[in-house]
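The two complexes that follow have subunit A in common; it is paired with subunit B in the first and with subunit C in the second.
Up next is the complex of A and B:
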């Protein structure tokens, strides 16, 4: 829909960026930059990221949330992101959908966590009719009582970001890097990871989910498709806060300082070398 | 529960109670920003926190990101954040100046922002640059109406 037609229809315009395999750190940096420096609305769909990566919320403590010995042994990158919420491990089987909006973009929506969370569930609700019992349950997207999507937000004075990591597929062995968190939703009921989460691929194909999401977004907004080149380095001054934690921050012993220094260098080099250029879907 | 506790303490203490719509409370001797922070000015010093309206809408605060003591704050700009319900929400300064003290108790007890937003849940103390920022802020009555209008638009 052209911008002029969108305005006549009364729908807010949203820039849609669809990518495939963007490294999650790059995605988080992009999101934070758009939140802080753009005045437009954005929807980003990233179809899978690169290597398995652990992503903690802003206040996450590695020792409490992760099996750090295994994480260090297997050199799994751990990122502390700029939004709140819990810990996830993401990989090629994860589909990311992000909304970055002005606070007045959606009529009647207050820019507080719970209203934004409720609004977000409307995007996906209809996609599951006749397929599964979708609902928003204590800030998670669930089918029945199994979580398939985790949410987090960051809210500034005039804008907000709401992003979701969807478990289209996952390696159960990767869940072994995550401890049971101390703060869990009530509906989890002491279930371990394998019993608590489910795979979206058991309900619909990957392309159906992504296409369905885009169709739903188009019913709430007027879409303007962009590609990554349109938004590269438009605000190079901005310093994002999401970052990879060092081995020391993950609890590597101080007595291993010299070895740790060498291993930190090789660890960071290994992470950097496996961040390919993102592909546009 | 936090609101009941707050109301009990407030009843014996407030110089005036000007309730917002619902249960949120506004204090007479404070000034308010449209991003829901309050400031108590005493000479060249100011104490800053978030309002009862804000903490009620944010939900249980589980983490407070504090600035460094000695850092500068600018009216309207973010100086820190609170985390609640999977969201980080910016806290913006109602005044300009230098941070002289942060409330370190919030590191272990972030819930003070919910249970005592105007007293034990204060966030920073600021040495004011000057008082030219203050006329931009709302008085209690205007802030009360502002909250009512914001909630009515839902």
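Up next is the complex of A and C:
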């Protein structure tokens, strides 16, 4: 019925997967698998992840981007994801929205970074009317000149993924794990993390944001709602590239080899308990 | 049509075909063919805003521009490609450069290769993955061929236009000739009445049923080609850039050489011209546009879409001349050379503080003007490599001396072709001292997305009447302020010019207002 209605309306079909508290590594593995092995369009909304986790872009260098001593001391997991872009620290206060689409899914949309970025902002634009001055500023979603959402993409031959982490709420202390990046958007104007970002919860309720997002997606696509149980890992051969960095990769001294080995084991054990890499149930 | 019959009967390689059809001209050199490709690459890189330059003494046409400041739904003008673009093959080996993949992207980091040397590659097969800013992008092959050499390794930063790899390309893949020669092209004036999908931000891939990308459609317009007349050789009949180039080239060749072709077919009778009798051969030289020149093509293409008006005034520089002499007398640093420009720049910034609208940018899509906080004043510089416009950042926070040193730094880098992308980006207004070379004044074209540009002519000593009715020598400089009439009106620009003028004619006022 939905498919026939979609065809009638001319809207592309998208599978909507709404989850809550999915570990971010699991989410990234799912996204990459859907990007590379699925031929359908997907929208994933993850309402908060688990423990605070740092997520770097595909070529991020821990020493340059993180206060590695503090990260190692506090055993904060650091993930290198498969998409480009910068570094974020995510936790229960982060809402994730991801689009994975075929390159010709949206009529007239060219599968290049900027057009996709611009199109994505249309999804959220109307939600903020009368609430805040929403805009896409360079590559960030902002209210006024404060960032509340960061974006990253991966574009393949026939598909693309565009995912966003929204700062529903955050712990200011967590921002201390991130260095001021060398490459910043112009509008940041040398502001530190606290002055640069804002909390989405100051503008709307969590449910309003998620519901509003789903309504907006429904206006661009024909939705087919799925839940996690519906997604079977049929591509057991697929190896995702997003992974947790080892302590050595975070710059732990090689001379502490024996201690490092022990600490690596305990580090991985600590984070693997909350970031399962098993297939999606 | 003779040429059509010939072509059907005598299928040849491209170079052989050229040689036969145009006996009076040399076979196309690598440079000449590369020029046609280079023009396409210029068009495709039209959204590269690394280089922003003014241009003097040219007319303008009115079009709506694109903007890169607010939500840039400039998809209709997206001229990027994730397919590698190759130069014309030489001995079958093609240098495959990294093409422009996004607005303002000057370079990408190579993440990984999907192919290796010696591997056979199909058209549209992924070659590598790169990262630019927020996106990882798969780069696919434009052609079918074999990888002969991989030039970069993962982790390398590859500039747009730099060679990624070398390929031995199948000649058939590079120029797939249709079996019929197309009709002679009639020159057409491009339709400028309506911008392409400026509001929606989404472009339609099909025009009248013809499949092609916006970049290819723009190329067809540039050549005055009706794309519906072009037979597409891409998948599902898609019209590719080679189809447009080949169509345009065949049209040109047929126009210019049909007479000689007829002669050849009628028994190889060659009637030499007088000049060739005496050994004088004046051959055309085709220069592929690269670097600054290519960027100038792009900038000026954008500029013609802006409705310009020009405001001209004369400024008495007697006090400025004295001030410069005074600076030089007091100068103890042999490495610093005082010129007029730093004072002009500083006074310009003071005037902009009072008239910030001239230091703004305009978004056609959102119909918004953004008043830029920093006065990043661009200075046009003529270098051996072409015209370049680096800018001095935050002039309002710099002293005249600091501006002098920064200007010297940028000039040195410009001459050495070592300006960084930051030096030449984020400018907010441009000053062009064409008078340093000559001329009374220029009629500059705006550096999009700025809204104003100022051309200053040479300071010339002319007689002027003083207040007492006597004639005195006066150093007069003529300025021409080119402005975007969608944002600025004549009154605003006139008032701004008056404000700037008074700081130049009475530099002591700089002391009064400088913070």
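We adopt the following convention: the second predicted complex is superposed on the first by the 273 of 281 C-alpha atoms of A that agree within 3 Å, B and C clash if a C-alpha of one lies under 4 Å from a C-alpha of the other, contacts with A are read in each partner's own complex, and residues count from 1 in each chain.
Rule of thumb we're sticking to: a residue touches a chain if its C-beta (ideal position, glycine included) is under 8 Å from a C-beta of that chain, and two chains touch if they have at least 3 such contacts.
Keep in mind it's a predicted model, so treat the numbers as computed, not measured.
Specify the outcome, clash or fit, for subunit B and subunit C once both structures are aligned onto subunit A.
When both complexes are placed onto subunit A, subunit B and subunit C end up clashing with one another.
After superposition on the shared chain, which partner residues are touched by A:156: those of subunit B (first), subunit C (second), both, or neither?
Both partners, subunit B and subunit C.
I'd like to know which partner A:12 touches here: subunit B for first, subunit C for second, both or neither.
After superposing on A, A:12 lies clear of both subunit B and subunit C.
Once the structures are superposed on A, label A:176 by its partner contacts, choosing first (subunit B), second (subunit C), both or neither.
The answer is neither, since A:176 touches no partner chain.
Name the contact category of A:83: first (subunit B only), second (subunit C only), both, or neither.
both
Name the contact category of A:118: first (subunit B only), second (subunit C only), both, or neither.
second
In this superposition, which partner touches a larger number of subunit A residues, subunit B or subunit C?
Result: the larger residue contact count on subunit A belongs to C.
Determine, under the contact definition given at the top, whether A:136 touches first (subunit B), second (subunit C), both, or neither.
second
Looking at A:110 after the superposition, I want to know if it touches subunit B, subunit C, both of them or none. Which is it: first, second, both, neither?
A:110 contacts both subunit B and subunit C.
Looking at A:21, would you say it contacts subunit B, subunit C, both, or neither? Reply first, second, both or neither.
In the superposition, A:21 touches no partner, neither subunit B nor subunit C.
Considering only the stretches 207-215, 351-359 or 441-449 of subunit C, report the one that runs into subunit B.
The superposed arrangement places subunit C into subunit B at 207-215.
Which residues of subunit A are in contact with subunit B in one complex and with subunit C in the other?
Comparing the two interfaces on subunit A, one with subunit B and one with subunit C, the shared residues are 57-59, 82-86, 108, 110, 112-115, 117, 139, 151-157.
Which bits of subunit A are touching subunit C when the two form their complex?
Counting only subunit A, the residues touching subunit C are 57-59, 82-86, 106-115, 117-119, 121, 135-136, 139, 151-157, 186.
In the complex of these two chains, what residues of subunit B are touching subunit A?
Answer in residue numbers: 35, 57-59, 62-63, 65, 76, 78, 81, 83-90, 92, 150, 153-154.
In the complex, go through subunit C and note every residue touching subunit A.
70-75, 78, 80, 82, 101-103, 105, 109, 111, 124, 126, 131-138, 140, 155, 197, 200-205, 213-214, 426
For the complex, give me every residue of subunit A touching subunit B.
57-59, 82-86, 108, 110, 112-117, 139, 151-157, 183
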